[in-house]
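Look at the two complexes coming up: chain A is in both, with chain B in one and chain C in the other.
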Partner chain A sequence: MFNSFSLKPIRGLSVLLALLVLGGLIVVPLAEIFIQSVYRDGELQWAAPFRTIADSDSARVMLNTVWLGLCVILGTTLLALPLAWIMANTAIGRKRWLDIVLLIPFMTPPYIGSMGWILFMQKNGYLSQLIPGLSNLTPAFFSFMGMVTIMSLHLFPFLYLLLRGALERIGGSLEEAGAVMGATPFYRFRRIIVPLLLSSFGMGAMLVFVKTIAEFGTPATFGRKIGYDVMTSEIHRYISSWPISFGTATSLSSLLLTACLLMWYVQSVLSRRFTYSLVGGKGSRRSSLRSGGPILWVSILFVFLLLLFSIGIPYFSIIAASTMKLRGVGLSWNNLTLDAYRELLRWGNPGMKALMSSIWLSLAASTIAVVLGTWCALLIRRSQTASQRMVDLISLMPNTVPGIVMVVGLILLWNSPWMPIPLYNTYGMVVLTYVVLFLPYTVQYVKSAAGQIDGSLMQAGQVFGGRPAYLLRRITLPLILPGMLAGWMMTFTISARELVASLLILPPSVQTSATFIFAQFEQGEVSLGMAMAVVSVGFTTLILITMESLGSRRKWNR
Partner chain B sequence: MWNPKFVKPSKFAKDAPLALALAFGMALTGCGNAGNSNTAAADPSSASDSTKTEQSQPADNKLVVYTAGPEGLANKLIEGYQAESGVQVDMFQGTTGKILARLEAEKSNPAADVVILASLPAAQGLKDDGLTLAYPEAKNADKLNADWSDAEGNYFSSSASALGIAYNTSLISTPPTSWADLSKPEYKDQVNIPDPSLSGSALDFMTGYLNANGDSGWDLFQSYKDNGAVLAGANKEALDPVITGAKGIVASAVDYMTYSAKAKGEPIDIVYPSEGTIISPRPAAILKSTQHKENAKAFIDYLLSDEAQKMVTNAYLMPGRTDIKADNRANLDEIPQLKADWNWMSENGAEVTERFLKLFK
Partner chain C sequence: MDLHIQGLTKTFGQTTALHPTDLTVRSGTFTTLLGPSGCGKTTLLRMIAGLETPDKGTISIGSDTLYDAGRKRDTPAHKRGFGMVFQDFALWPHMTVFENVAFGLRTARQTRDLRETVMKALDKVQLAPMAERHPHQLSGGQQQRVAFARAVAVQPRLVLFDEPLSALDASLREEMRVEMLSLVRDLGLTALYVTHDQTEAMSMSDEIVVMQTGRVLQTGTPEEIYSRPADPFVARFIGRSNWLRPSGDSERSEEAIMFRPEHLRWEPMNGSKCQAFEVEVLQSSYMGDRYEVHLQANGQQERWTAYSANRIPPGNRMIVYLPESQIRSMKLQGQL
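For the complex of A and B:
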């Protein structure tokens, strides 16, 4: 207690410093967007953004975006809810390897997944080469429904993880109690599961919604093909292709930003109203109501089909496209070649350089993000004071703001004429952007790890005369290490495949694997781009598995 | 002004409210150290490289080139120039639209020294805005096709491509022979068109065709639209579905891409329509804001040299010099041309792009 008294001023200073750092990194760029959208020709015009929005057909684009978000919520729910139930209630859930496999769709860069689907489904694509009878599916697939399908297959792991966690917390006893009282399965679902799931579902649905409307890869590839414009592709068009208009881009960004913040507010209000406490003194256990028979077979079929559609088909296309000699010949054994890989992995090849810079940039970004994020998370800890809650709110903001909006803000700030630090157009700018974009992951993971540390541990340490630094080193750090590791891995994976920020801010003559792939689709060799996709996804998966096994060995020893 | 809207940020800076300046001050203390250490950590090799070279040779051995066009050729040209001069070249590779956008975005802190674009009007635009540096004494400039380059030496077209109709030879048994053919029912839903806001050469064809045919030129594009033609990104994105057989035809395809795919063995070929077409020169220009003037000039000289012109023809492009002929593609005199005025095309580019995008939305 005495210790914490004497620490108070330092703590306060530290929180203040954190607020300054986060403010400069996150709040100022976002504020810049709003300011730029109301400043036209050097004077303040409050109506300007509204005029822009009314002039261009942004209202239509915004509606498109929201409609897409809602449909993808529906799509992911249809995929994730049965899956979560299966994994929580049947024997399939005990297969550990499925946990990693089910993360693959999410680790696949969305533009690659969409390209895979396009190559598979297009006229004379792989599907009609394999099964010519199904070629009349093509027009049906190249539609809004196809886009929803692709995005749902990419995003469902988010919702699934949340729902599964919630279902496991509910445990079997409540349902069994219902069954004993004579309730039918449907009644039990309606009166027990649904109300208890609602809060997690709301959280997951909101996350899916924000991810969908912030998504750039699928709209840029598939959406462009079917002529379905959304906000992110419009913003990207206004800042990166001729004729350029920063005014419109900032107005659209403000609109998108407002929509996301609004959604987040609604979600937090809703989840506060529908939260029940589920963790009591009794440990929860799995339900024993059903486990075998036809239900198991239906479940296996469902999981199999889900894996086929979310992983099998896209990866089949990607690998097929990367190993073709002549793209005009199509699938045939004598058209098979590994030339693209050989070309790509030649030392000094632009592709190899791109891969290397991806790895360096992600390593730097994830390391800095972990340090900064851990610091923030430890400051927030229990968010008792208003300033701690501010740190919490701001550090999680980049997760609620679409990536492209954040990037526009960062460009406006760091490329403005009055900026004395020449960071723009350097590697530093790229690392800074990745850190800002992916800071929330570390904060979230470390926060939840730190939240589980019981206060009595610290008190015990203090009783035995441990100084703050000693306590941090011997108690807090070892306990939050798994959280830091998880944050590091997440940041590394995501920054290694980040596309939209890299497209906009990479300095000349630097490419990352993501922009390399995108450039190959635009100007170069598609097979080379696909080979790069396979190599970089394979590489990140390898790193993840290594880290994961290192992490689990540590736990095991203890 | 080329794009007057963009002056805005600098004006904004003057009027920037005190609050923001304060907020910014906070940002400085906050990320100053983080940012700087990032740069060092992110790429120690490049950082030490540049400092080393700057120390040993204070003269100047850097050059930043933004270039459109085939990546292979750009890499070879840069490598060739680096080998010859010892200058370290940084290259940004993109479509003409992306390069112009990037120049615009970096107006307050220009980074590029030389740009190579795939559209003559774009270079004229740069010249008219006073952004280019004249270099009339460039070596071999007198041998260039005079129609494609600036008499005052503001830009030099070291290569060119012609726009034609590319088609998949296994899907299209009777290839079209004219632009008008593409509105026939047999080509319904078969046609891809490159997006003029991304492809400078596609835009050249559109403005050129409109200039030669007057406002009735829009009827052609309307008939394409009615026949199910779609806009499909930049040149490569328009051509790739035709190679794989998802589409049959690219209208206003750049010919060098088709030639190089054909040489690889892909089932694809190109025709130059009978009404005539536009030949789109690919101009290189030195930007006035250059920090490396001498290197930039040497780079232009290199682009016009025999060696570089050989690389150009190897990439299936038309050489910019009239005294060099290509043997792997149609030469200038074998391609029927539309009569078009580049000045008109330059002035109306933005308007045509906008109308075209609206038409195909």
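For the complex of A and C:
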């Protein structure tokens, strides 16, 4: 509504330009995957991807992937449902710090978490050193079940947040209303709780499934160790190690892409049809606490064990491994040393170089992503026109698409013979990849910040004589600045830890912290790799905490 | 400088928000646009502010044409030099009270004596000590005052009020009404005020413009509007009304006849000609200062309201008297 007079043509042009840029960055690479998988030897072969898959043993890999996804849904449900109930219905839920702590597993890069578990559970690992009696668990853990466990412990916070939200609101007035209307507890459970919870659970389960089949970190570390191949790890294998087969990788990518897009489509349809707006205007009151005594103690035990398994064990292993003097000696105080850190952070050391290039690349990527993302978010606004909705859809697409698929698409595009811009195999390519992968964060943060600016604030500015440029500088930018900052920090921290893009895109002989950790772990230089893991997780976490405290100290809050 | 509006029209898709409308706001007066929600009053106000583009017509202030569809003239909102108080106040949350008020002065480049001007405006609303606070640290009434100070600090040619009191609770609303009116009078401002609250309109305005479904039904002083409504809708919307069945051919009549409850007498009046009606008392409600009595008169369709100093038990049958000078008849304007 505002800017409706003089800025209309500029705005239209801007949207067009954004569509072009986003199209080139995101849509074309993804289209390239489909095109390359059906276009072989100069002709169109619709059956080509299926033939490629039938030729290799990809059918097995696909079944593996789906089976893994289903089992992880089960695993996360077993962890998240009791936790959600506990947090919604017992006194433990009043502890606010738990909310932040429970986000740690999800913020831990999966490859680092998996390495922690491997170190803990492997033969002569920390478990058998701490409790020798349990050493026969090792073979049982290094199996499919172990992989499901690790991934469930990483992904359960997603489902938990959704379920808890639903439970809290149901437990309040909605259930009480049922009781007042004369419904018995069982009837209330059947007619009120289950239907309302089911939609949240469906959402969460689908999200977990997509995240699982798109994940690369755990399959690349733990999965490889136990020989359980999934699509992401196969795509990586066909691109990076002999026998290299781009064709197979492309076909697999197109299948994975299709699967994820399909899931997202189904989810969006379902959510439109079956989600009830459970967010009332008034803050929902907590239902009266109905637990005490034994239930509380069991709950405390559950939460404690969950934290131990999802955070305690991986982080203990990583820190212990990074401070180990001699591997053979194992856990003991006189085997403690900070040598690995000293070695790592020595100027000129490969580790230090990797860390530095990580920081520079991430700084560049996050800065560009913020500019591009803010531009898109401001264009989208309330997505009234079709082109605005298009910008919205495309700019959020990298969040829908598995990272490895996006990366394969970018390689296909920028490495193709007709590409005039020689970006491939340069630092620029890495930055571009990070920007594309993490653009959705900025777009979402800025969009939500801009969405909170009431239309009348801008109209007031107009009535009091502000020109459009002046309004942008004095009203819009200050109000979306927190969103921009959040997007910038998020992009920075995530790019600094990004594994799959770095593995596939980095120019030869360049390392980032993630590839350094990966390489050191593969080569058995565990303490150096884990020291890097601690440093990289440590400093990115520090940044996130800084951001949080900055955000809460803001003087005005809407 | 008077504000002149001629033939202003606006449609949104299929619905007509404003039929061709003429309106004059005389300089130094307090004019109110009154009507139920959806009557087009806010649309009209927003078009005057430049926040909405009309389809047809002209808007001018003094000799300055702000909008003219024929000559393709459309001064953007930021060049119209008006002040406005928004319904939700629309204070910028990231700016202090001082900066909120200073905004209009800065955009107008009136930065000489900026501090004094802003503080003077804040002084007027007794908020000078709060200048360095942020809007969220103020109460609703204080936010309202800041919004007012912001609107008048630039000494605008016209101040627009978009239901500014509707976000406040009842007791505060009354207090702010009195305060705002006295400030407008003190500063000698020209004000155009939009509300759906007849009490606000009656108590504040020099002139009231009653609107319904995109049309102006009547313009006049509050006294004129109340005692001589030109339209049945106006009569019903402002104050209470009792309706008489028209004499003569009853169904086809193009006239509506009404009187105000306070004119109904329980005894015949000396010196003025009265009509007498036989009524049955349906209900008496005690209002503190009087009783409100609901009556059903013989031969009348609608129930009436009357005021009485004593309680009259329901079921009583009695005779009431109506001075003929207080009976108003008005033309029915189509189907309303």
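To be clear about the criterion, the second predicted complex is superposed on the first by the 474 of 558 C-alpha atoms of A that agree within 3 Å, B and C clash if a C-alpha of one lies under 4 Å from a C-alpha of the other, contacts with A are read in each partner's own complex, and residues count from 1 in each chain.
In this section, a residue touches a chain if its C-beta (ideal position, glycine included) is under 8 Å from a C-beta of that chain, and two chains touch if they have at least 3 such contacts.
Remember, it's a predicted structure, so these values are computed and weren't measured experimentally.
Shared-chain residue A:F302: touches no atom of chain B or chain C. Of the two partner chains placed by superposition, only chain B is touched by A:V28; chain C is not. By the document's definition of touching, of the two partners only chain B reaches A:V430; chain C does not.
By the document's definition of touching, of the two partners only chain C reaches A:R467; chain B does not.
Of the two partners chain B and chain C, it is B that touches the larger number of chain A residues. Of the two partner chains placed by superposition, only chain B is touched by A:S245; chain C is not. In the superposed model, A:K225 makes contact with chain B only, not with chain C. On chain A, the positions that touch chain C within their shared complex are 1-2, 4-6, 454, 456-457, 459-467, 470, 474-475, 478-479, 555-558.
Residues 3, 5-6, 8-16, 20, 23-24, 26-32, 34-39, 41-43, 46, 64-66, 70-72, 75, 89-98, 100-102, 104-106, 108-109, 111-112, 122, 168, 170-171, 197-198, 230, 232-237, 240-241, 243-247, 264-268, 350, 353-354, 361 of chain B are the ones touching chain A in the complex.
Residues 17, 20-25, 27-28, 31, 35-36, 39-43, 119, 122-125, 224-225, 227, 237, 239-247, 325-330, 350, 357, 360-361, 364, 367-368, 372, 411-413, 415-418, 420-428, 430-432, 435, 507-509, 519, 521-524, 526 of chain A are the ones that touch chain B when the two sit in their complex.
Listed in rising order, the residues of chain C touching chain A in the complex are 49-53, 74, 76-84, 86-88, 90-95, 103-104, 107-108, 134-136, 150, 154, 160.
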